[in-house]
Amino acid sequence: MKFAKPLPSYLLQRYQGWHATTYTENKAWYRRLADEGQRPRAMVISCCDSRVHVTSIFGADTGEFFIHRNIANLVPPYEPDGLQHGTSATVEYAVTALKVAHLIVLGHSNCGGVAGCMSMCSGHAPELDEKTSFVGRWMDILRPGYAAIEHVEGEQERLRALEKKAVCVSLENLMTFPFIEEAVNNGTLSLHGLWTDIGEGSLEYYEAKDDKFLPV
Amino acid sequence: MKFAKPLPSYLLQRYQGWHATTYTENKAWYRRLADEGQRPRAMVISCCDSRVHVTSIFGADTGEFFIHRNIANLVPPYEPDGLQHGTSATVEYAVTALKVAHLIVLGHSNCGGVAGCMSMCSGHAPELDEKTSFVGRWMDILRPGYAAIEHVEGEQERLRALEKKAVCVSLENLMTFPFIEEAVNNGTLSLHGLWTDIGEGSLEYYEAKDDKFLPV
Amino acid sequence: MKFAKPLPSYLLQRYQGWHATTYTENKAWYRRLADEGQRPRAMVISCCDSRVHVTSIFGADTGEFFIHRNIANLVPPYEPDGLQHGTSATVEYAVTALKVAHLIVLGHSNCGGVAGCMSMCSGHAPELDEKTSFVGRWMDILRPGYAAIEHVEGEQERLRALEKKAVCVSLENLMTFPFIEEAVNNGTLSLHGLWTDIGEGSLEYYEAKDDKFLPV
Amino acid sequence: MKFAKPLPSYLLQRYQGWHATTYTENKAWYRRLADEGQRPRAMVISCCDSRVHVTSIFGADTGEFFIHRNIANLVPPYEPDGLQHGTSATVEYAVTALKVAHLIVLGHSNCGGVAGCMSMCSGHAPELDEKTSFVGRWMDILRPGYAAIEHVEGEQERLRALEKKAVCVSLENLMTFPFIEEAVNNGTLSLHGLWTDIGEGSLEYYEAKDDKFLPV
């Protein structure tokens, strides 16, 4: 692999700073986490977006959250077809092996993936329709959600509706996994839907009773 | 979705703490990141493991890293078959839309996914061999790497070798994506392989010249 | 300009080292910064002193800080008189064109400019009082601050008090610029005062509540 | 000063990293720099631009460069009128008090200040012509240089010519300071003109013999 390069020096410096402070002050805890394994209370599924770090928003301690991040925080439906399903693997591991107590889906404003999906579904992004578009095929998971928000007036409003729909579609798909449905039904697991506005720093949660998102 | 629950109160409290401090002190920057979009310098592919947060290790500022996290930081080879490839979608978005300058694969010690893969490949985990095991099928990506480390003496040593192999397999698979190979060749993208030891807090990088991992 | 000389060779060598390493490893990022323009999150006003490099203390990534350095990190009050105000031009550009989120004034110990100001104000440096002294006239900005610390006992203590006063005077003068006051009031800009001790490597910040500098 | 805020936490963390590594490893040297004062070999006048850090390009050691940074690395002509001249104060201090051996003016590509000057001089930026524009009045220093490059064909080429002219104008203005002319003439000080291309990472120097910039 002649192409691989060493760590860029600005990151090397920062790593050394982390090692000399955070790590050194918490050495015993890191040692223990390594020896005894992780025991996270919650799994969070959020977006890759560089502006939304769940570890920051929820002040995550090391060892606390099992975090899967993908484009637009999507979960596909249960499909045990023997093919590679990276996201399904993460929830299977979190629920059956780590037995997390909470499974949180965190959506966000200004989501590039969701915006791409809206363009695609409304016929404005033929390149995403192509078989070879990984982003397009991934966003297909959200296609069923588009129908439900198509009528919303105002492009901004429609986009926000689709971002929140992405959270709901993921929650619904999560319930199609037998091991999740079972854990939810016997009370060992709870599912949560959240959406955060990057610019406002606000947070909304999905309220089942009203079937809508409310400010926390 | 009657099953969805509000945010657990311990997280609500922490979010409020974040909003009253970090967000409030940096409001203008969040507002701007929302309005002008993200411009991350690097993409990091790391594990979901709750003990390895790249944002902490590299003191990531909001807006700096585009982060994909999956089981065992794996990237499958390029397969434009029209099916859902969540991981491939993340690298496509990072490289072609965001045009990140660095793509970093970060592996780690005590990786549950890699340990499962070793059990599976050595015939000790028949449940992972089943068609319905999402984790097993996902870890298939690492199978070709197992052959190369099978001979390593000592279980701990073999495990570490396979953890590092996971980084190399991902780097090799990344280069099978035409848009990545092109960006690497014309110098607009560089690939980096890293491995961190949770207990020691140490960091190693893949050195192409020697074809092995060296301490930073 | 017959007088101009080529780059001294010790610097040439270092530039070549930088180009072969840092630049080459980060080529794509530099290319992009050139093409897309800078988007610094913060402006820092610090001293020219060769012992205080803000880029080092805060591990600044390229593109992150807009930096103005002058004698004693001073900012004069708002004076739109049509004359040349180099420092006022830097803050105008940072706040109105670049729209930085933070404006940080960083003072430091052992400041030659501040020591000169103290000598001048206490009548021990007549040469600085002369009309032709650029340093003297520049340090006039800090004269109003001298009255407030004149009573402090002990020369070292008085000097430190004046160094910190230089930070406060600059912060107060910054607020006399209409575009800064407006940005602060509508929450898009925050001002910060810091003072670092060169020998101790310590850092203090101005705490508004107590109207004094506290260790970070 | 109710408006002043504490240090943003992302910078606090980085400072702590610097203190635990760079500072701690070099404590004795910092202690000595504090006790004995600075003795920089060179002064560098460069731009505030966040993409051009002279400390990085020339691998500056602590204590080595006395650095003045302003918009477009400009030096006004000698004007001992008793008014505030921040830039003149920096060169006076560097040459008469610190007795630096080199005085380097470093210009750069993609300079926002120079671009503004070109717009202003060609009549396309009336807002910069206003008496109240600090940036406009500051860029007046470069006005005499505009005439010399006005004829250059191609906007990009003209811009680059003006960026390099900014270096030359500053060098010429430096020589109008009696203490600089004297130091240059008796061989204790040398002046140097440089220009760097951000995207290419290249460096050119002003060659007196040919009266033009050549690659180093």
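A, B, C and D label the chains in the order they appear, each numbered from 1.
Assume a residue touches a chain if its C-beta (ideal position, glycine included) is under 8 Å from a C-beta of that chain, and two chains touch if they have at least 3 such contacts.
Labels paired with UniProt names: A, B, C, D = Carbonic anhydrase.
Just so it is clear, the structure is predicted and the values come from calculations on it, not from any experiment.
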{"item": "Labels of chains that are neighbours to chain A (Carbonic anhydrase) and to chain C (Carbonic anhydrase)", "value": "B, D"}
{"item": "Pair exhibiting more inter-chain C-beta contacts, B-C or C-D", "value": "C-D"}
{"item": "Most widely separated chain from chain A (Carbonic anhydrase), with each centre as the mean of CA atoms", "value": "D"}
{"item": "Interface residue overlap between copies chain B (Carbonic anhydrase) and chain D (Carbonic anhydrase), same or different (over half shared)", "value": "different"}
{"item": "Centroid distance [mean C-alpha coordinates] between chain D (Carbonic anhydrase) and chain A (Carbonic anhydrase), Å", "value": "46"}
{"item": "Distance between chain centroids, defined by C-alpha means - chain B (Carbonic anhydrase), chain C (Carbonic anhydrase) (Å)", "value": "40"}
{"item": "Mean-CA-position distance for chain D (Carbonic anhydrase) and chain C (Carbonic anhydrase) (Å)", "value": "14"}
{"item": "Touching two or more other chains - residues of chain B (Carbonic anhydrase)", "value": "22, 25-27, 31, 59, 61-62, 64, 102, 190"}
{"item": "Topology of the chain contact graph, where touching chains are joined (line, ring, star, complete, other)", "value": "complete"}
{"item": "In the complex with chain B (Carbonic anhydrase), residue positions of chain D (Carbonic anhydrase) that touch it", "value": "5-6, 8-10, 13-14, 17"}
{"item": "For the chain A (Carbonic anhydrase) and chain D (Carbonic anhydrase) complex, residues of the former touching the latter", "value": "13-14, 16-18, 20-21, 24"}
{"item": "Of chain B (Carbonic anhydrase), residues touching chain A (Carbonic anhydrase) in the complex", "value": "1-8, 11-12, 14-15, 17-19, 22-24, 27, 30-31, 33-35, 37-38, 40, 42-43, 48-51, 53, 55-60, 62-71, 74, 76, 80-94, 97, 102, 104, 109-110, 112-113, 131-135, 137-141, 168, 171-172, 175, 184, 190-194, 197-203, 205-208, 211, 216"}
{"item": "Chain B (Carbonic anhydrase) contact footprint on chain C (Carbonic anhydrase) (complex, rising order)", "value": "25-29, 31-32, 36, 39, 41, 59, 61, 64, 99, 101-102, 183, 187-190"}
{"item": "Contact footprint of chain A (Carbonic anhydrase) on chain C (Carbonic anhydrase) as seen in their complex", "value": "21-22, 25-26, 59, 61-62"}
